[in-house]
Every structure is written in structure tokens, then in C-alpha cells.
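Notes for the one structure printed next.
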Amino acid sequence: MAQKTIDRRWIFLLIFIGVALPLIFIIGLPIETTENVRMVYEMVENTPPGSTVLISYDFDPASRPELYPMGLALVEHCFQRDIKVIFTALWPMGVQMAEDVLDVMRQKFPNKEYGVDYVNVGFKAGGIVTVQAMGKNFREVYPSDMNGTPISEIPMLRGVKNFDNLAFLFSLSAGSPGIKEWVQIGHDTYGRPTSGGVTGVSAPSILPYVNEQQQLTGLLAGLKAAAEYEFLMDSPGLATSGMDAQSIAHLIIIIFIIIANVNYWRANKAEKGGK
Amino acid sequence: MRKFLIFLFLFSAVLWAQNLDFTAEDNPNDDGSAILLKWNAAEIGAATLRITKLEENGDTTLVYLSSDVIGQYILGDGIQPKVPANFRLQALDVTGNILAEKEVTAVAKAQWFNTNKISLLIMAIILTAAIVYYIFSARSGKELYIRKIAGLESIDESVGRATEMGRPILFIPGTLDLDDMQTISGLSILSKLAQRAAEYEARLIVPVCRSMVLSTAKEVVKEAYLRAGRPDAYDPDAVFYLTDDQFGFVAGVDGIIVREKPAANFFLGAFYAESLILAETGFASGSIQTAGTAMPSQLPFFVVACDYTLIGEELFAASAYLSKEPHQLGSLKGQDLGKAIFLVVLTLGIFLEIIGVHFLKDFLTIH
Amino acid sequence: MKRNIPLIITFLVGITVIFSEFIPHYPFGMLSGELENWFLIISGFAILLGQLSLFKVNILKIKFKKENWQYSVITLISVVVMIGTGLLWGTKDNTGILGNGDQIIAVMGSKPFDYLFDNVYQHLQATMFSLLAFFIASAAYRAFIARTTESNLLLIAAILVMLGNTSLGSFLTSWIPEAISFLHLPKLAEFIMKYPTTAGQRAIMIGAGLGIIGSSLRIILGIERSYLGGK
Amino acid sequence: MVHFFEVLGIWIGALLTFAIFSFLYKDNPFYKVAEQIFVGLSAGYWFVYTIFFILLPNMYNPLTENFAANWIKLIPALLGVMMLMRLIPSIEWVSRFPIALVIGTTSGVFFLRYLKSDVINQLTATIMNPFSGNNTVMIVGQILLVIGTFTGVVYFYFSKKHEGAFGVTARIGIYFLMISFGAAFGYTAMARISLLIGRLQFLLGDWLGIIQP
């Protein structure tokens, strides 16, 4: 067939550039937000400033690309609204993930003070049993924070005795123990608003908890949800740049498909015309 | 007065205990290593239910904590067949006070047949019978029809092209081990292809990534050359091992494709993400490409990037089509009967669901 | 002896595995687990066998100075270095022949084997895998051309899903009124994935499943013998 | 010193990344070197992995620590050694015994697993009332699901010529297969581009420090 074809190395080059540039210069393409993400956003928006919330980092580096941007966006939102945050982890590696988020936040919010605006109480083994005990008596589970400072000496924890003193619970979860445990205890037993973020793969099994009983108040699922959250906050970041790169790459592919079809159609026409 | 209060307390405790329903029994369909615990504390209004196991030496171990007032739990730890085990259920209120408690005993037993798998057994028997029946009827000389498989036209074309251009044919029997049925199917197609290649004096390259596949593929190719009457043309280094690593293997094969520039590539067997890397590199070197796999996730890439694709079951049918061996044709016919049964049961099941009868679906779901 | 005993082994083992699925009672229930454990050990030996043939192929290449033999030297050095460091000082969770290599860890930050794994192997693997991003584009350019009904369907489904999965899709169709919101690209993509795609995948799974069942059965019954080499 | 090795590691990673990417332009010595390092290193990796994570914990340790309870592991050990007999042509046939065991086990496992998950489970998943559902879109979808599965299976019917009504049904089946291939392709595009994003985040972040990792 007399059909013009482009050297595919041009496609390779454009894909490379099309993915690299949005990572360096964030475009922030508009994103249609979904109900589940809006619910999470509203939950944070409707939390009165000065309240205390708990965010649990229940994942390890393998799920970092998806869950870390969520952790980043959520904490930033809380800090913007002067909400105090307790960081914890049901996964040992989660502590490091929380610290990575805090490193970024310390630069963005230099005025936030450890112990007054946020605290990291570290990793606790035991899964559901620990969560249950935490709900009943917070201090029994966490006599001190991750640096060994006794809870009684941490100003922001003075009024925190159990889950009743927390505005909401949030789990960034890559499996078990994780979001299911927080739903079963945090919401089902103690009736606290509970929400979370999960990887794209595990989303289908968690989504049923977003129901009329509001076992979960919304859910962030995968990188796209993280990008939607950044969009709602009007603060494009890691997830947005990733989604931008995706969109541009997809656009490049589609443009090439169109070029190929136009070429084919022309060649066909020329062939017919020649006859 | 005090006595009366104590009496009242005890009496009410007894009343509550009666409302607390707690049973322990052998968990069915297992080897006797689990106990099924069920409770119903709906009338008590407990916040938490605590189940403990009472050991012989007087110790108690926590089995389960639940916030569901009605529920069940299968305990599979520390249970032995024919040994009685004692359990205690305590219903607790929000502050942790015991509202009621109850003790039960159960003995676990091992079963000889798992009744939950009856639908699986029935299907297994029907399929086995159909396949075996058709294999024997094919062996006894009955002609079995098999429809044309489009992806197979490429074999003659490929061998011809390779001979004409003086370039080799590349064959990859997938990236899984010999125990995968797709690998075995790939190898039996290799047997036919190698024979054709031997007849036309086309060179064959077979890189493999599993050592068990290596030795079998070597024998397959050697015998094919023998059958073609060209044992002298057999090159023992034509089949070789690269590495067990998925992408390490791909890196190596990509190198082979760009350097040897095969006239035709065959990717027949089990493939994962490497499918598209291989097919695109092969396309760029100008080879005719035939692929076949039963991996649903990789078929889109082969369909898009290769000239001919054997889709799913066609990979298995291909070796029957090529060899025309009665046992392969018979088996294929048996599998077709399996599909026919599938379609009948599906239609019947959907009809029953529409008129509101859920018996069939429920029966099939239990296994 | 050379042929029949293997066939008998295959038959007995295959039948045992199938029966043990239906019989939970001891010893059937645990038999298939034990067999799978054996399987692991035997395939472990098979991997060793592969390494030996890799050595053989490359040494022969160097010995006879075949084309590109210099590269075989690199292959051999890489294998030997990886095996050597692994066996001598072990891996992250295992001690090697020469102990734990604490002094080396003090200098390098990790064991040599893990260092190579993290800084060489993982990067090579991730990069090789990421080539797919490029190839998916070039394959789409070449194949998604509207020629026949089949290729039209292929093309349309691919483009709709590709658009629907990114911000682009929402951007293009967010103006569509709520009443016909199913035409929003993200929703349309979800619809295609959920229904027709599932149907197609299911049909392939059922066909392929039956093919595998048929082959397994022929192997267990000793009708299919090609895996023993030849016919 | 540790810092030096960290930096060195990132540079090695970056150079190898480029060596592999250079293959997209054309085959070249850098790719050839990277390819051979990859083949060699991965073979070595799996060797060490096999020793430490398969043979030691599953065979050697149980045998040396508690022989009486684990003597049965001698059987696979012996079969494994028989596997290695492939290397000696005169007694090569001995290796058929372990191969027979391996293949027998998988055949049994596959027979059941595929019957359960690929046939019966797919059957029960498709048996439904397509007309139940709370909106038209869902009902249309379910009808498509049922038709697509049915016609797709018909396409894989081999012992009947695809002609007449049967041929039309098979043809519709092929259409569904094509839609599913296109959609799966489009869906996977996203995951594959993420892989490239991951690579570029390494190059731009860890290596060049242009973006925040």
C-alpha cells in the first residue's frame, strides 16, 4: 500500500518529551471531580479549625506513587484549615512515609509547631485490636510519641482521651491492616466519621463501604483521585503533574492515530483515483 | 433486702444468659482442624462480644473480639480432630462490664467428602467423560471436523520467506515453564514448524528462559529434523537458554531480533508484559509475526502488533489442527461439548433468574 | 522404564491432586500442599540447570571466537560477580559463606549483592519495562487504522477508554448536561470496561480454560506425551 | 564513603537507563553492554535467590535441623539431583522422573483451578437477570454482557463451520473480542505510561534534582 509512514522514532521522542515536560512544569489540566473525592474534601472543609484529627499511614514504599500524593494533599488541606493532626501507622514502613510528608510540610508551613499543631505517635503493631484499644483509651496505646516524649507533655493531646475527641479518622491504606479496620472500629463501633485513600487496584473491594450509612465518608482511589483532590484545593502537585503527563501522552498517541488514519484515507483515495 | 437484691441480680443474669445464644460445632468439609462458632446477642444490647478458649491447664486465650451482635467465626488455630475444645462467650457493655456469659464444648471431625464442591465434581466428571469419549471415538477412526484457524496460514508463508531471504525463523515458546499447558502447546507447534523448516532448509532460532523447556525443546527440534530426513542439518545450538528473568530475557531476545533480523517470528505460549516489547521490536526488523497465547491480558497487544494471532483456545486448537492427531482432535471436540453445556446452562440460568428462580445460580455458587 | 515410569508418576500425582480437592480428610488434604512444596524444590534445581547451560553457551562462544564474542565476556563477568557477591556475603536477610560482611556494609551502605540489585538490576528492569510506554504508542499508530468493522471497533474502544482515563476526557465532555451524563467520556470508558470488555474477556477465559483443562486431562491420562520429548 | 557509593549508584542507574533507552533509536554498543549485563546479572540473581529463598529454607534447613520429621524432603532433593542429570547425555532420561512429577502436579492443579475460576465462576457471574437494575444504562450494559459472553464462546467453537446463523453469531462474538482488545489496550496505556513517569521521576528527581522526588 502506498501509504506514508512516519519513522516511529519521532513518536518515541514526542512521548519522551510529552511525559518529561509536564513533570517539570505542572500544567494543571482541569479535572472533573467525582463524588467520592468531593465527599472527602467537604469533610475536611466542614471540620472546625482547632479540631484534632487522626491520619494513619498504612502503606509501604511499593504503594508510594499512589498514596503518598494523597497523604501530601490531605495534610496540606488540614494545615491550611488549622486542623491539628495526629500521625500514626499500622504498617512499620508507614512511619517513614509520614515523616516524608512532614518534611515537605515543614517547608510549606514553617509556623506549624510540633506538639502544638501536629504530632507523630509512630507505628503500633496489632491491627484491629490496637485500633479498638485506641478508640477506648488513646493514652493506653500511646503512652508517648515516636520520640519518647510522654503524651501528657504534648500540648495538643491534652484533651484527647479517645476517638470521641477526634473530628475524623483517615487511613491511607495499601492492604491489611488498614482502612477496613478503621471502618469497623472507628465508624461502626465509635461512630466517628472515617475516610481513607486506597490504591487503584484495591478500590473495587473498598468502594462498597461508601454507602448510605456512610461507613466511609468518601474515598480517594488511585492517582486520579489524588489529582482531583489537588484540583479541589487549587494546589497542583505530584499527582497533578503525573496526571498531566498521562493526559499529554494519551493525547500524543491519539494525534498519531488520527495522522495514521488520514494518511490511510488519502492513500486509498489516491489509489482509487489512479485506477 | 440485700439478699433479695443479690437474688434479683442473679435472676436477671440467668435471664440474660438465656437470651445469649452461643454455639460451637465442627466446621464442616475440612480435615477436622477448625470449629465454627456462632452467636446471637441481639436481645442483650452488648457493645462487644469476647470469645475465649478454655485450655485444659486452666488458661484462657482470646479467640475473637466482635462488635457484631449476631455473627460467626471459624477458629482454625490449635484445633485437633476428635479432641474436645471449650469456649466461653462474654457479652460486654461499652465500659467493659460483663452483661452475660456462656460456655460451650465442641469436637472437630474430619470429613471424607467436601459437599461444598459437588458442582465442581459434577462438571469435572462430565468434561472428563466427554473428552475421553471423543478421544477414543477419534482413535477408532471416526472423522472429526475442525474449522479453519486463520492464524495458521502464516506457517508456510513464513518458512517460504525465510528460505527465500536466507534469514532465520525465531520461535519463542512463551516465558513460563514446561508445566504450563500453553508452553506444551507452543512446543507441539514448534515440532511441526521445525519439520517444515528442515524440509526447506530454513534456519531456526529458539531462545528459551526455562531450563526444563530448554531440554524438551531441544528434543522436539531434533526429532522434527529426523522426521524430515535431515538429521545432519540439526544444529544443537539452535535452542539455547538466556535467563529465567522476565525482562532480562526480553533484553536478550530484543538484541537477537535486531542483529539476526529473522524473516519470521513466532511467539506461541504464555506471555506477560514482554509481549508488546517483543512484537514491536520484531515489527521494526521487518519480520512476519505470528503470536498466540491464552493470557487474556496480553492478547490485545499481540492482536495489535502481530500479523497473525491465535486467540486463547485457538492456541490449543492449533496443534490439533496441524497434527490432525486423533487424541488432540478428540479432546478439542470434548472441549466443544463443554462449551455447548456452558451455553445451555447459561441460557437456562438466565431464564430462571428472569422468572425469579435462583436455584441454579445458588447451586453453582456453592463450591 | 524410561517412558512408562514417568507416565505412571504423572498419572498418580495428577489424580492425587484432583482427589485431594474433594477429600479434606487426612492425609489427602495435606498431600497436594506437600507436592507443591516438592515442586518448588525441583524447579529450584531446574534454575541451577539453566545457569549451567548459560555458562556453557557463552564459554563456547568465547572459545570459538564467534561473532560478538566480546559481549559474552561481559555476560560471564556479570553472572560470576552476582553469584560471587551473593554467596560470599549473602543478601539482606541471609548470611553468606564469609559471614555478614559488616565491614563492607560500613563502606558501601549495603551488601554488594543488594547494592548491585538496587542500583543495577532494578534500574535495568524498570527501564526495560518502561519501554512499553513507547511501544504502546508506536503500535497504536500502526494498527489503529479504520479498515474493517473489526479494526473500527478496536480503534473506537481504545480511543474512548484512553480519553476517559485522563483529565483530557473530563475536560472534553464536562459541558454535556447532567441528564445524559452517561456520555461523559470517563463514564463511557467505565461502561465499555465494565460490560462489553468483560464479556470479551470472559469468552476468552472460558475457551482458554477449557483448552487448559483438556490438555491437563490428556497429560494426566498419559495421552499427551510431548513434554517427555518427541512423540 | 557511604555517600560516595550512594551517588555512584544513582549515576550507574542513570547511565544504564540511557543505555536501554538508546535501543529505541537503534541497536548500539551501549545497549549491547547493558543487555549482556542484564542477562548475566539476572541469571546470577535468580541463582542466589534459588539458593537462599528456595533450597535453603525448603530443603536444606528442614533436613539438617530436624531430620526425623522432615526426612520426606529427601525425595524432592533426590528428584532435583536427577534433574541435573540432563547434563550427562547417557543418563539424561533420568530427568524425566522429576519432570513427570512436576507436570503431574501442575496438571492436577490446573485442571481444577481453571474449571473453578475460568469456567464455573465465569458461568455463575454471567447468570443474572439482565433486566434488573435501577437505570437504563445498567440494563443495556448487562444485556451486552450476556450477549457478548454468549457469542464470544460461540466463536471458540471449533467443530462446526462458521456459516449461516451460527457464523453470524460467531461474527458478533469476534466484534466483542475486538472491543475488549481495544479497551484493554487503551486501559493499559495508562499503566504503561506510569512506568515511564516513574523512570523520568528518577532521572529528573534523584539524578538531576530538577524536580522534588
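Order of writing sets the chain letters: A, B, C and D. Residues in each chain are counted from 1.
Just so it is clear, a residue touches a chain if its C-beta (ideal position, glycine included) is under 8 Å from a C-beta of that chain, and two chains touch if they have at least 3 such contacts.
None of these values were measured; they are calculated from a predicted model.
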item: Chain-chain pair with the highest tally of contacting C-beta pairs; value: C-D
item: Centroid comparison with chain B (C-alpha atoms), farthest chain; value: A
item: Geometric centre distance via CA averages, chain D-chain C, whole Å; value: 2
item: Distance between chain centroids, defined by C-alpha means - chain A, chain D (Å); value: 28
item: Where chain A and chain B are represented by their mean Cα positions, the distance between them in whole Å; value: 33
item: Distance between chain centroids, defined by C-alpha means - chain B, chain D (Å); value: 13
item: Contacts with two or more other chains, residues of chain C listed in rising order; value: 18, 21, 43, 46-47, 49-50, 54, 68, 124-125, 128-129, 131-134, 136, 138, 140, 142, 144, 154-155, 159, 162, 165-166, 201, 204-208, 210, 212-213, 215-217, 219, 227-229
item: Shared-contact residues (touching 2 or more other chains) in chain D; value: 20-21, 23-24, 32, 34-35, 38-43, 45-46, 86, 99, 102-103, 105-107, 110-112, 115, 119, 123, 126, 146, 149, 153, 156, 177-178, 180-182, 184-185, 188-190, 193, 196, 198
item: Where chain B touches two or more other chains, by residue; value: 120, 124, 127, 178, 181, 211-212, 215-216, 242-245, 247-248, 251, 259, 296, 299, 301, 303-304, 311-313, 317, 332, 335, 338-339, 342
item: Residue ranges of chain B touching chain A (in the complex, touch as defined); value: 47-48, 65, 67, 96, 284
item: Complex interface listing, chain B residues touching chain C; value: 29-32, 81, 110-114, 117, 120-121, 124, 127-128, 131-132, 135, 177-178, 181-182, 184-185, 187-188, 191, 210-212, 214-216, 219-220, 223, 237, 240-245, 247-248, 250-251, 259, 273, 276-277, 279-280, 283, 294, 296, 299, 301, 303-305, 311-313, 315-317, 327-328, 331-332, 334-335, 338-339, 342
item: Touching residues on chain C, where the partner in the complex is chain B; value: 18, 21-26, 29-30, 43, 46-47, 49-50, 53-54, 57, 60, 68, 124-125, 128-129, 131-132, 135-136, 138-140, 142-144, 154, 201, 204-208, 210-219, 221, 223-224, 226-231
item: For the chain A and chain D complex, residues of the former touching the latter; value: 9, 12, 15-16, 19-20, 23-24, 65, 104, 223, 241-242, 245-246, 249-250, 253
item: Complex contacts: residues of chain D adjacent to chain A; value: 21, 24-25, 189-190, 193-194, 196-198, 200-201, 204, 210-212
